[in-house]
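To start, I am sharing the structure in question, which I have written as C-alpha cells.
Chain naming follows the written order as A, B and C, and within any one chain the residues start at number 1.
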C-alpha cells in the first residue's frame, strides 16, 4: 500500500509538471528543454525559505511562485527573438546554467551535498507526515492545477496560443499581441512547475541538484511528447505511462543495476518511433509535423 | 478630392543591396478598390508586408487615416483596422474552421489568461456571442458544414474561403488582398470577387494584388503598375491596361 | 604559469575544433541539430576501447576500426532517421526530438554493456615532455599536431576539391542545388560519414587523454554547437574560432577561478551570442525579417 501511495504521489508531482509544460510546448508551440530548471528553482526557493527563514511550507510556496514567474522571463524574452533550434538551444543553455548555479553556489545551496532535513508541510497544526496525508496534499494541488489548466486550455487564451503555435505571422496579422501572449504562457507554465518542486522537497525531505538536470528536463518533455500535447488527456496519459513504466520493468524482474539504463533506452526508442509513426503521441491532439 | 485612407510616401526597402521597393508613393481612396499589378518580384508583396508592419521601411512614411504607422508592430496595425490575406493563404492548420474564424474577432477579453480564469461570466458571455458571430461568417461563405473540420483538411478553395471569412469577421476597414482568386475554380473566383465588392459597398476599402487582367478591369477603380520596385504607371484600369510599357513588361509572365 | 594554461587551452581548443568542424559540416549543410552526434562520439571511444583493450588489437588498427565504424554509424543514422524525415519535410522539432531520442537510446545501450563508470585507456603515467616551463603529455602533443595536420586538409578539401565545392553550394542554397543536378542524397551521406569520423577521432584521442564514460557525449556535443554558433553558422571553417576561444577561456577560468564554473560561462557566452550576435564572429548580419 505504501508503495502504491508513493507511486501516486510521484504521479501527482509529474502531472503538475506535464500539464504546465503542455501549455508552453503543446499550446504555444515553444519547445522548451528547461522545465526541470523551474522545477528545481521552485524546490530550492521553497526549501531555503522554510529552512533559513523558518517560513511555513505554504507561505514559502506562495512566495516561490511569483519569484519563479519572474525568472521565467529569462526564457520567455529570448523566445521572442530566437527561432527554431536557436530557441531550444537557449533553453538548454538556461537549464545547464541553472544546474551549474545549484551545484556550485555551495554557500547558498550546499551544492552536491544537498539540503537534508526538510520538514514535512504543516498546516494549522496538522503535519503531513504520513504517506496517505501527503497523497491527499499532492492530490489537492493536482486538482487545483488541473482545474486551472482545464479552464485555460479551453479558453480564448488557449485558443490564441494554438494560433501562435500554428502560424505566428497570421496571428499578428489578426491583431494578436504574440509577444505578450508568449510571455504569459511562460509565466503560467513555469510558475506552476515550481509547485511540483515544493511538493517534491516536502515529500522526499532532501533535495540536491542531481534531481534537476538536463536529462530530467528531457524526461518531462518526453512525458508531454509520449502522452501527447495540445489537449488535457495527453499529459495525464503520458505521466501515468512514464511514471509506471519503470515500476513495471522492476516488476518484470529487471535487475536494479541495469534498470535505469534500460528505462532510458525505452524512452529514447519511444521518442524516435513516435516522431516517425505517431507524432501526436498516445493521446495528444497536436501532431508535430 | 476623395478621402485618402492610406498614404504611402516615398517608401523604400532594401534587401542585401537591392531595393525591393524603391521610392514608392501611392494613395488609396476610401471606399474604392485599388489594384496593384506587375510582374513577379516587382515588390508588390513586399509592399504589403511594409504596410502590415512585418517589414520596416528603410526610408519613407506610411499614413493610415492621417496617422503615421510605419513604425508600429504588425499586431497593432491590424488592430487599427488593416486586414490581410496572404498569397499562401495561411490558415491555422491544426484547429477547426470555426476556431479559425473565432480568432479573427478582435473583442475577446478571454484572450487574457487572468480574465479567463477569474472573470468567468464575462468571458463565457462574450464567447457565446463570438461563437454565434463566427458561425454566421462561416455560413456566409458556405462553410457551415465544415465548422468542426480541421483547417488542414479543407480543400484549397475552401481554405481560401475560410481566409475570406476571417477577413470578414475581423471588422477591418482596409483590406489587403494578395491574389485572392489565384488557384481557384472560376466560379469560386466569382464568389470571392462578389464578396469583395460587397464589402467595399459597405464602406470598406480594398487593395488587391492581381495578375488576371479581366478581374482587374472588372473590379478596380484605380490601378498601380509596379516594376522592379517602382511605380511606373498608374491610372484607371482602361488607361493602364492599354499602356504599351505595361503590356511589354507583362510578356513572359 | 600562464604559459601552461595557454598551452592547455590551445590543446583543448584543438580537440573542440575538430569536433566542431564535424558538427558544423553537418549543421551547415543540412541544418539538422544532430544531437546524436554526441552518441557517435561516445560509441567511437567505446569501440576503440573494445578493440584495443578487450580484443587487444594494435592501437592503430583499433583506431582505424573505431573511426570507420563511427563513420558508418553516422551514415546509418542519416539513412534510417534523418533522410525519411527530410523526404516528408519534417519540422525542426521532429528532427530534434528524434535525434535526442537516438542519443538517449545509444548511450544507454553502451552503459548497459560497459557500465556507467569512467574508464581509462592508458593505465599508468603518461610520458611527458618539457618545453620551457610547459609540461605536456604525449597525447596532448598528438592532439595539437592532429589539428595542425587535419585542419588544412579540411580547408583544402572544401575549397579546392570538387566535392568540397559541391558541399559548399549545398550549404548556401539547398533548393537550387537539387535543381542544378547535385545528388543531395549522396552528398548528405558523405557529409555524415566525414563529420562522424571527425567526432570519432576526437573521441579516441580524448579517451586516451582523460578517459571516457557513457554520458560524456552531451557535454562535448553542446560545446561543439556553441563553437559553431560563436564562429558563425554557414561558414565551415568558423567553428575553429569559437572552439579556440572556448578552450582558452575554460583554461583561463581553471587557472584564475575554478573549473566549476566552466559550463556556466560557456553557456552564458552562448546566450550572449544568440541574443546579441546570432551570426557569430565571422558571419555576416543576415536579416531576420518576417514573411
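Convention: a residue touches a chain if its C-beta (ideal position, glycine included) is under 8 Å from a C-beta of that chain, and two chains touch if they have at least 3 such contacts.
Bear in mind the structure is a predicted one, so any value in this text is a computation, not a measurement.
Ranking all chains by how far their C-alpha centres lie from the centre of chain A, first place goes to B. When each chain is reduced to the mean of its CA atoms, the one lying nearest the mean of all protein CA atoms is A.
One simple way to say how far apart two chains are is to compare their mean CA positions; for chain B and chain C this gives 47 Å. With centres defined as mean CA coordinates, chain B is found 41 Å away from chain A.
Centre to centre, using the average C-alpha position, chain A and chain C are separated by 31 Å. Taken residue by residue, chain C touches two or more other chains at 290-291, whereas all remaining positions touch fewer. Among the residues of chain B, those touching two or more other chains are numbered 54, 74.
Multi-chain contact residues, meaning those touching two or more other chains, occur in chain A at positions 169, 172. Contact residues of chain C toward chain A in the complex are 33, 81, 84-85, 90-94, 96-98, 100-106, 108-109, 111-112, 116, 218, 222, 225, 229, 260-261, 263-264, 267-268, 270-271, 274-275, 278, 288, 290-291. For chain A in complex with chain C, the residues that touch the partner chain are 31, 78, 81-86, 88-90, 92-94, 96-97, 99-101, 103-104, 169, 172, 214, 218, 225, 258, 261-262, 264-265, 267-272, 275-276, 279, 288-289.
Taken together, the chain B residues at the contact with chain A in this complex read 52, 54, 73-75, 78-79, 83-84, 86, 90-95, 99, 102-104, 106, 108-113, 116-117, 120, 123, 127, 166, 170.
The part of chain A that touches chain B in the complex is made up of residues 148, 151-152, 155-157, 159-160, 162-163, 165-167, 169-178, 181, 184, 188, 230, 285-287.
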